[in-house]
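Structures given as structure tokens follow.
In what follows, chain A forms one complex with chain B and a second complex with chain C.
== the complex of A and B ==
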């Protein structure tokens, strides 16, 4: 049960094991999309479920995401060759101008990647133009912004405005400790989530996946 | 006064924490994202890697800077009678600040705060005797473009004579706010004589990173000789080790890095060793400033501050509660009591719920009462032969009463604190009075104050001058319709 053991290795937060098992499965000729879907992505869904139920703490979610990402890195060359169907969409993500806090943003980026999205992480202290240019250049489906400081949060609205002014078709998502659904709605963001697993759900929902 | 502060570390352990911090600054260093700060460190002999922006601070430089640390920090007020000096006037009680939201006093619902809310809160804080410094409690959602900070500082200064404190997100806002200060003072020189805007930043983002904008503001203000201090905010499990001692060491290293930068710019510039050291709730990653570990860390940081002979304190007494309930009370009460007994000087504690996310009027009034209790606790037991009352005890003797003694009449209005929120009624009277809980009583007290005219407002001529100088400025009037 090769794919099942990949699933188990992600749940046990063992990156090395995941890499080893993914290589083994590829060698055996197992369908790469089943390694991805039933092995890695299914495992992250389970991790998200355990987190929501309070069984998993945040560091466990983070380590599982790292294990899964390690697996995807091995899988990536084969995925591009086999089919692009497994790519769920492209996300440009960053912490807004004036803000250096990136723990939450990194977790969301990793979880999105784990769910099969192509993620371009712009880092921290990202200004409006950088968001807009990256969205154009990468042909992003979603632009996701994070802020921890209440004083930098208003910058999110500027980015959303600029995206609309540039008539980009991408959806926008916002998150971070001070951000609420009400704030997200008011500034015209398409999506908001309280936590990282929720962000993945929201991204799927926005793209109708 | 408190004659023996509570300690959680021995003196040897304090020295060990200091040594460990020096080792970190020398061997690991900080990521300094601000160019000017890197140049200052470099000029004074720190090792600066221009590729990685890592700055390593040799111990001799930190130790040299320590020699210019000063033990006092002054909060200047619009009205000099409200000036506060740390540690002489401690505990100095400050509102907690920059929440985006407010609990609407009429609907009880959370909503975004506005500049009018800031004006009302400023009026309230001006009137509540427990508060010494008004750190601007909320943001102002109605701020016109280009006046983000002005829309906070103007209503705050207009309605409060006590020292006003807050931050600005960039240099444009900082300079605009200083312009406002000069207008109020009458001239730039007059403002520099008594700089009543007290700037605060968190330029160090844990772990071991100095940011661009806040660091820029700190450098500018220190160069100008204007008041500024920083708070160090490590969060165990997230941005600091999942260890109380490890977080103390990291936070202490970060304080020393900031203090070193400040002393390199202007030796003798006043400092506060201010922290908000917390332990993250790893179940969800939630920020937990109301956790008891925040108090444990505050006590230890206060010991470190005593070792450096600088005033101490920080955001202590915050709560994670979303309403003014028992949790809100016990978190604020326990955390501040611990910090007070440890000798902390500065308490950024008042008025906010939901871990700094929302201001609540009743919370501010209850925290005022907690503040008065802390001040009373700090007074301790005045000790003298006379206070021992040996003659009086002999006079009354066994079985008598002190009720009818002149001594009692003379002292009964000053020995004990008379709370306004806490009830001392019998159950029957309390029921007759509508079974009001502390929140309801506190909210009523806030409304009573807000309905009165505010004595602190600007003279009309000054106000028109300011309004002409900043076109489109928010009204900044305290208006409260019941």
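== the complex of A and C ==
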């Protein structure tokens, strides 16, 4: 009931309401991981689903993510105290070298965060070494790359090669307007998705979640 | 209003297929349709074929100019592909585009320097995508100055202030529009150009946003557009917008369009 109203408040894109309700539930002694899982994360899944179905649009995804984030901020001190079972995995994400487009990459980062992943966003124009070093340093489960230009797409292959050469265990995901499943398969990426909610599903699939 | 017909772009699936199959008829038909609809340049883009881009771009220029008496807008950031396309191009082409990103300015600018070529100057730098009007005008200023210093006539420069989706920041529309106005006022003789579709990314019924935004930009001084010229309604509204913006002496363009039945929607 209480957790359901948090879910509803995220879907209604109401940050203030989410903060208020999360505080209320914590006060009542509700299990914080159920607030996170059945309240916030489940709501972001629903938002992603509605986006993929064409019922929700980009600005609504942004607002829902803000509402979710506001809720997480209230929850954070309690989450650290509770067990870390709610941790889904670590993702290092960035737009590849020579490419400055960040809108799609930001949406994917946001949705992954919304799904409970620990996300390290390296920004745009990220070179191969930076990807590899961040993957090592953060002990990443997934390295996700974005490219919006046909001229920068081939760089993804270099990053994937470097990850393999360094024998890192992480999976790789690629996306961006000109990127296709065929291209992703050809360069040896473990995952591809057409949109942000699909990227969340793919990440879960790759990590067996 | 200068119109660049955008349809021969390999990121559109039927075009990619026609290029791969070397289906000259398909390409020629689309070129001809855009010409008949009043386009001034025919955009050619083969960007998705990374390794074969240069060959395909040259092929597109040849095929387009076999049927239409128009110059092409050579749509590639790759100087080798541009050069190869120019080898066979007749008339004065437009190059789309040069930007302030490292490597990209010198390579393309040196192709344009000392020629009559038209060039699109895209407001992008290594500092990332400009978000505000101030950032756009700053990049435009540098691009225009650098090109003029290389001997490019200001009349041959088409600044693209970079359209960003209003869905991700509600100020992106107004910042773009304000940039167009400032660029047109600060650099007399320069042109401004853009494509429309980025503005509406992530929102429904994109056509309404695209069209309205084009009209608003024309009101701010935008004088060139990369659009689908077969969209008769859009073209009619653009003609009207230009007339209403004080750039149609004695409304002669509007009347001409009327007599050519371009306003019969």
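Please note the rule applied: the second predicted complex is superposed on the first by the 209 of 209 C-alpha atoms of A that agree within 3 Å, B and C clash if a C-alpha of one lies under 4 Å from a C-alpha of the other, contacts with A are read in each partner's own complex, and residues count from 1 in each chain.
Convention: a contact is a pair of C-beta atoms (placed from the backbone, for glycine too) under 8 Å apart; a residue touches a chain by one contact, two chains touch by 3 or more.
The model shown is predicted, which means the values in this text are computed figures rather than measured ones.
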Overlay on chain A: chain C relative to chain B, clash or fit: clash
Touched partner set for A:209, first chain B, second chain C, both or neither: neither
Contacts of A:151 with chain B and chain C, given as first, second, both or neither: both
First, second, both or neither for A:195, with chain B first and chain C second: first
Which of chain B and chain C A:103 touches, first, second, both or neither: both
Contacts on chain A seen with chain B and repeated with chain C across the two complexes: 54, 57-59, 98, 100-101, 103, 125, 149-151, 153-154, 177-178
Sites on chain A touched by chain B in the complex: 54, 57-59, 98, 100-101, 103-104, 125, 149-154, 177-178, 183, 186, 195
Complex contact set, residues of chain C against chain A: 11, 47-48, 50, 53, 77-78, 101, 124, 126, 128-129, 164-165, 167-168, 170, 201-204
Residue ranges of chain B in contact with chain A within the complex: 33, 98-100, 112, 139, 148, 167, 169-170, 205, 209, 211-213, 237-239, 280, 282-285, 287, 356-357
Complex interface listing, chain A residues touching chain C: 54, 57-59, 62, 98, 100-103, 106, 124-125, 149-151, 153-154, 177-178
